[in-house]
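Encoded as structure tokens, here's the structure I'll be asking about.
We call the chains A, B, C and D, going by the order they appear; numbering starts again at 1 in every chain.
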Amino acid sequence: MSEGPLTRAPQLSTQTWYNTNVPVDLLELRGKVVVIYAFQMLCPACVSHSLPQAKSLHQYFTADDVCVLGLHSVFEHHDVMTNEALAAFISEYRLGFPIAVDAPGENGPIPQTMQRYELQGTPSVLLIDRQGYLRVKALGHVADLPLGHWIGRLLSTTHEAPSEPPKGDALQACLVNGRCN
Amino acid sequence: MSEGPLTRAPQLSTQTWYNTNVPVDLLELRGKVVVIYAFQMLCPACVSHSLPQAKSLHQYFTADDVCVLGLHSVFEHHDVMTNEALAAFISEYRLGFPIAVDAPGENGPIPQTMQRYELQGTPSVLLIDRQGYLRVKALGHVADLPLGHWIGRLLSTTHEAPSEPPKGDALQACLVNGRCN
Amino acid sequence: MSEGPLTRAPQLSTQTWYNTNVPVDLLELRGKVVVIYAFQMLCPACVSHSLPQAKSLHQYFTADDVCVLGLHSVFEHHDVMTNEALAAFISEYRLGFPIAVDAPGENGPIPQTMQRYELQGTPSVLLIDRQGYLRVKALGHVADLPLGHWIGRLLSTTHEAPSEPPKGDALQACLVNGRCN
Amino acid sequence: MSEGPLTRAPQLSTQTWYNTNVPVDLLELRGKVVVIYAFQMLCPACVSHSLPQAKSLHQYFTADDVCVLGLHSVFEHHDVMTNEALAAFISEYRLGFPIAVDAPGENGPIPQTMQRYELQGTPSVLLIDRQGYLRVKALGHVADLPLGHWIGRLLSTTHEAPSEPPKGDALQACLVNGRCN
């Protein structure tokens, strides 16, 4: 979690979207709390913990309050985590929320949005408040209780926030510089 | 959850307290969000779901923000769910938050606080906001995500609240008028 | 697990039985595999892991093949883990297999059957083969896979057995000489 | 489970093997109990339940007793569940037991071994006894207790067997003629 003054959430740089007719623009989501799950379809902790949680969020909250997005940020095994593979994955796992493919990096394996947000691996959870500020950036799975708490805070407040952002269980993450733990 | 105007949370009517040197008075908790778990030590869903969650809340939130209380509201098997039995239970399950024994009912098996709050069984979860209003009364276990969300809302707001309170999984509860499900 | 020659399973020394009209005599169970769960109703690992497993065994195997027994071996908190409390516990947790109260020790807190079998705490799982030999004595919860494997072996064999008996997760047990872990 | 006389387990028809230097021949496994998990890397129940169980079996049993094999039987999404994708999947999920790619069907989407064994979907669990007879064919995930029980029986016996084979939870399977449940 970045210290210091709040920063606006950078725009997403995406290639393809699933489960939505029009690409999602963060600017148009002002007024809502946005939860973004950066994942890879071959990341075990993403599949077992974070994407099921994303489905729960998508079902529990109304679309006017909370927008749940998936971001397929592939930084390894690019040849097999293709758009076609992702489409089959989304279908088999019955993911119903909008999912974007992070635009491929121009100078290396790290995709563009992942670079902009300086994500260290997958899963990563991003929380953006109603004013468009990035409030949480957690590597690894975040448990339901702290995540629900933070979303509740962000739904109610403007810029006031808890002092401690929720932490992910990075021990189970796939890291940019290493294998999946 | 009662509709209509907000109601002040009734005072607790208690007999004995554990894990605290002085009895807890709800009036002195103004400014904090209070989470009360009404339970029975022989209620399976209380033991397997709600009390572990109470421990998690007690560990996750700071005491300045959230106060977690247990309330042993015995409405059946009074002869074996005694204070001595509860003390052993608290020790073996390593419950560290303040726990009160609900004062025995004067005209029947339902204890006094349980009557005042019109609880239908155990577990029941009560959420009281910073101003002392009762905001949630749920029968059965409430999942971490909606509970965390509601606590987050109550930590931030004054009287504004989500329209839908979280619901418990009453299918697993012990009901006042029946066996444990 | 005792090394060396096989030993006959000692007789149970019991006080009261539940869920059976006549006390169970191990001698009359020759020809069946017997699984005995020594437990205490205030032992967390017993309640969360071992007794649910006992219920599963009782449902899965036919009574001609496998006999599942509970043994309430109280070595602490004797004043609250009474027969009346156990009866309420059995009712609320809907335990349907025969359960005996281990006869109180004559010279100390350890009950008689627990002494005979030299059990170190609860939960303990005992497996007795079709010929009445004690084949497994494990402290702590034994996972379903090794337990199922051993029962399968004992259902098929006479005296031949796997070299390694299944091990319990003693880290979660209540020990005779200490608190519950 | 086929009724009537026991049938020899058909040979596997495979394309590529992982985690083994030489292709596995069922004939050379006589004397061991063989557990085969037919799976697809995009089948949710395979990923969440059956492959973790296969890992547990592989760790728990000695290689002299039980041989655990994976069989990637792709009957849908052939274009994305390629050998390269499977190799990445095996690496990320840290599967250590031998895994074969079921040879593609010559007349349709169903691969050859899947046809020979008349499997209805994934996951499917196959148990082959020490003499090479197919003893269990279950669609869907089989719980640890019945699976362990059956393996124990097959480790001890020759042709004698329990009357009821374990059943899988087919409600969660991906079926040949339909979507994943």
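Note that a contact is a pair of C-beta atoms (placed from the backbone, for glycine too) under 8 Å apart; a residue touches a chain by one contact, two chains touch by 3 or more.
Note that the structure is predicted; figures quoted are calculated from it, not measured.
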Hopping only between chains that touch, the fewest steps from subunit B to subunit D number 2
In terms of CA centroids, furthest away from subunit A sits chain C
The distance between the C-alpha centres of subunit A and subunit B, rounded to whole Å, is 34
Residues of subunit A that touch at least two other chains are none
Contact graph of the chains (line, ring, star, complete, other): ring
A full list of chain pairs that touch reads A-B, A-D, B-C, C-D
Note: in the complex, subunit D contacts subunit C through residues 53, 56-57, 60-61, 143-157, 160, 162
The subunit C residues in contact with subunit B across the complex are 42-44, 47-48, 77, 79-82, 84-85, 88-89, 91-94, 174, 179-180
